[in-house]
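Each structure below is given as structure tokens.
In the two assemblies presented below, chain A is common to both, partnered first by chain B and then by chain C.
Right, the complex of A and B next:
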């Protein structure tokens, strides 16, 4: 790989996560529409650093119309921000982590100094198992309507067959994640249950028991990115993004080694993750076994605190859980709990697409 | 006759039908629920923006211009002005209204945004911008939290509105 290519995911212009806010994650918010869910979070992400929408130059959002079954929900969601005076605005039909990537690229180009990124996802209006089947190859796979739990179970089985993990490992990850979630006020599932007790759960789809599955969540989140003077002015202890990259693997599940994540490893390499040690990792592993695959792909050793927020096993708001990982990592840097951190987001079946964001304090 | 144990003679597959159907539950939210509950009582309920003062009907809970919550409920008139319209002459699948019919944007008195309504009790070629119309509701025992509670709008006999009063809403 050329030097230029290997540096592609590195930051040339310092950009910081200036502010982060998320809603309290719940199984079903049937009181509020998307705009009403977003408004308090947008107000909080601006209010926390004393700015308004007039202070950002660009707005980018992440969401999917398939989730609420309504067209152009990303356009109406802008009502939560207000569109006057008009601002450059964009949207990705993806998790907000990828919307953040788009804003970061624009900040790298130097045309803007600050951006608002928000995302929203409701899992409750529709049947998530059916909706997620529609992201699959439309000819050979989607017509079979395989649900995401069954696909994840295939991956978990492959991991066990390869001798890389056991069901006890899955239970230990679930137990630790939900215990850590006790200190996360926005967590949906938080409890202190020993792994041994979790192993008494029934299988949902073998070898995955209920504890190895993410909760189904309605949630929204937002981040303000800032560069230059604004980054300094808005935060006393900015969390700087030092590397950012995302990679995708083939859509054909049969053509992938499901027990490893080459796209995560490549994104991590290009984002410069191995340039130094990290204190914490916020990993978007919706299913417990996926944490094992991702920790290996990221090259993390056991000195790294994995998912101190509880991760996606504590709350998995679709289209938002990835951005929340970046926000959680940045918050711990700004609060001084971590000096260097890695955040990860995933999309697609069985970790098909992966994004890696490396953050550092000063 | 093709050998049923091989697919060789069947030729390439050129089309594939994969039926898809998804069902959703709609969450109107706090503000839109007020609008829908208003319809159930035979009235139009909007909300006012505390910043710019504009009244939205229905409100989605925020002012799309200012991005702030709309908290003040405003009961709107049963009458309004046709700001623009379309005469539908083309039949289409699932059509339930006899053509030609008029689909119009109606600006209710007191509102700052128009919404789409069916205009009846007037020949299609007599509709015009500025026409004053009133809502015709279903019978009181038929009212539901749905726009189906409004059967249609019809001319109410008032003189046409001055263009200046609705030119901002076209």
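Right, the complex of A and C next:
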């Protein structure tokens, strides 16, 4: 384990992303419920490394009851894995990236050697504009029902006013992301459209035009984490998590500097991101302008390939898009395309909460 | 099985809780009912609007309530050409972060400015309350902000 231990950097116990799977992201999956969407992905994430549920010691999921419109939907979702014999199990009402963090903490404590993390969310049955307003301050903000596009547009305007970006920059990011997504078989929106053409889009909420918004996506994803002998046995080229942290900013939108991301910068610092160069960054930036804020907060220069998967502008399955960033980064390490990578996940309005995961190969 | 034979069950999901808003948020909302805008003193002397029981930067307890506004400055804004059903206005409007006079943080609300060309960051706006008889001690007691001295 010496190589892994030296690669472990800021973490005490080396933990690897042993397997990753995701559904093909689509605008609307009417034919499957959440369990039926998860079943093939759970089968794939186990099958790819030749294991079963019996080989993991812990299961953690990420989802939101507000999407399905019923309480405790994560309990029924466990049917996708099988409930007998029972396994220690937990859930977070957050993106699967935070479920992964919980499993990673348990692995750090040394009580377990492997964990399954999965997440799911269907945006299509409900009205995301209204559902996402319910996550806001219940006294001062939610009663006004600001939708996520409007809040993101306030942030984009602040970025333009601060001289940090232009509408042309937003279009360039959207153009590049969806062109990169052409090589991602799971992407929902993939095309080769020049930024100049995108700038002819109408405003949805000014200053954000259609192309600067994420697609609305139904999707699920899963990861198997492994430590110790299992990490070695299940992967010839493990992607080790060498740093992991998440931070949150105040819920008072008007008390934040929306043009920067102090929580991302702090998480990156604590995860040891700047200890060495990274080859790629998988950044969870649902709106095009947010990539600019996050690249600055992560301190990435132009040698880093940003979102080779296409990122959240190519598919934004709510509750899964953050975990998918970690899976995409790990896949590129395991395949040898990258030696060191950073993955990021976000939650809340205008990048309120941010998670940074640093991964390394050997 | 034809649709007519399918089993149906109605499902009404609700959380019938009542919440106390406490001494700081409660004071702000009561102020709105009375046509006043209140902030709270933060730990470093700054004035936080809308007020919270703790300083969002330091986490320390906040202090006395102070009057702010009724005018303020637009810190950022976003133009909504097609208001959604639950939005505060039914005609095109701007969401804006408004830093009220005397405050160090900004309040989110709607600005009724007429059109996107009649609004810019840095513009001065002032509050437009609902008529006193309609106010209930909630954010909707503010109908919108309007350009200071403007016709909208």
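Here is the rule we use: the second predicted complex is superposed on the first by the 353 of 362 C-alpha atoms of A that agree within 3 Å, B and C clash if a C-alpha of one lies under 4 Å from a C-alpha of the other, contacts with A are read in each partner's own complex, and residues count from 1 in each chain.
Simple rule for what comes next: a contact is a pair of C-beta atoms (placed from the backbone, for glycine too) under 8 Å apart; a residue touches a chain by one contact, two chains touch by 3 or more.
Keep in mind it's a predicted model, so treat the numbers as computed, not measured.
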Based on the shared chain A superposition, would you classify chain B and chain C as clashing or fitting together?
clash
Could you say whether A:130 touches chain B, chain C, both of them, or neither, answering first, second, both or neither?
both
With both complexes superposed on chain A, which partner does A:42 reach: first (chain B), second (chain C), both or neither?
first
If we overlay the two complexes on their shared chain A, which of chain B and chain C does A:69 touch? Say first, second, both or neither.
both
Based on the superposed arrangement, let me know which partner A:139 touches: chain B (first), chain C (second), both, or neither?
both
First (chain B), second (chain C), both or neither touched by A:205
second
If the two structures are placed on top of each other, which part of chain C overlaps chain B: 5-13, 59-67, 77-85 or 113-121?
5-13
Would you mind listing the overlap between the chain B footprint and the chain C footprint on chain A?
69-70, 130, 138-139, 143
List the residues on chain C that touch chain A in their complex, please.
11, 13, 19, 21, 25, 29, 48-50, 52, 56-57, 75-81, 84, 86-88, 95-97, 99, 105-110, 116, 121, 138-140
In their shared complex, at which residues does chain B touch chain A?
16, 18, 20, 22-32, 60-69
What residues on chain A touch chain B, complex-wise?
29-36, 39, 42, 53, 66, 68-70, 76, 78-84, 122, 124-127, 130-131, 134, 138-139, 142-143
Okay, in this complex, where on chain A does chain C touch?
69-71, 129-130, 133, 138-141, 143-147, 150-151, 153-158, 161, 203, 205-208, 250-255, 258
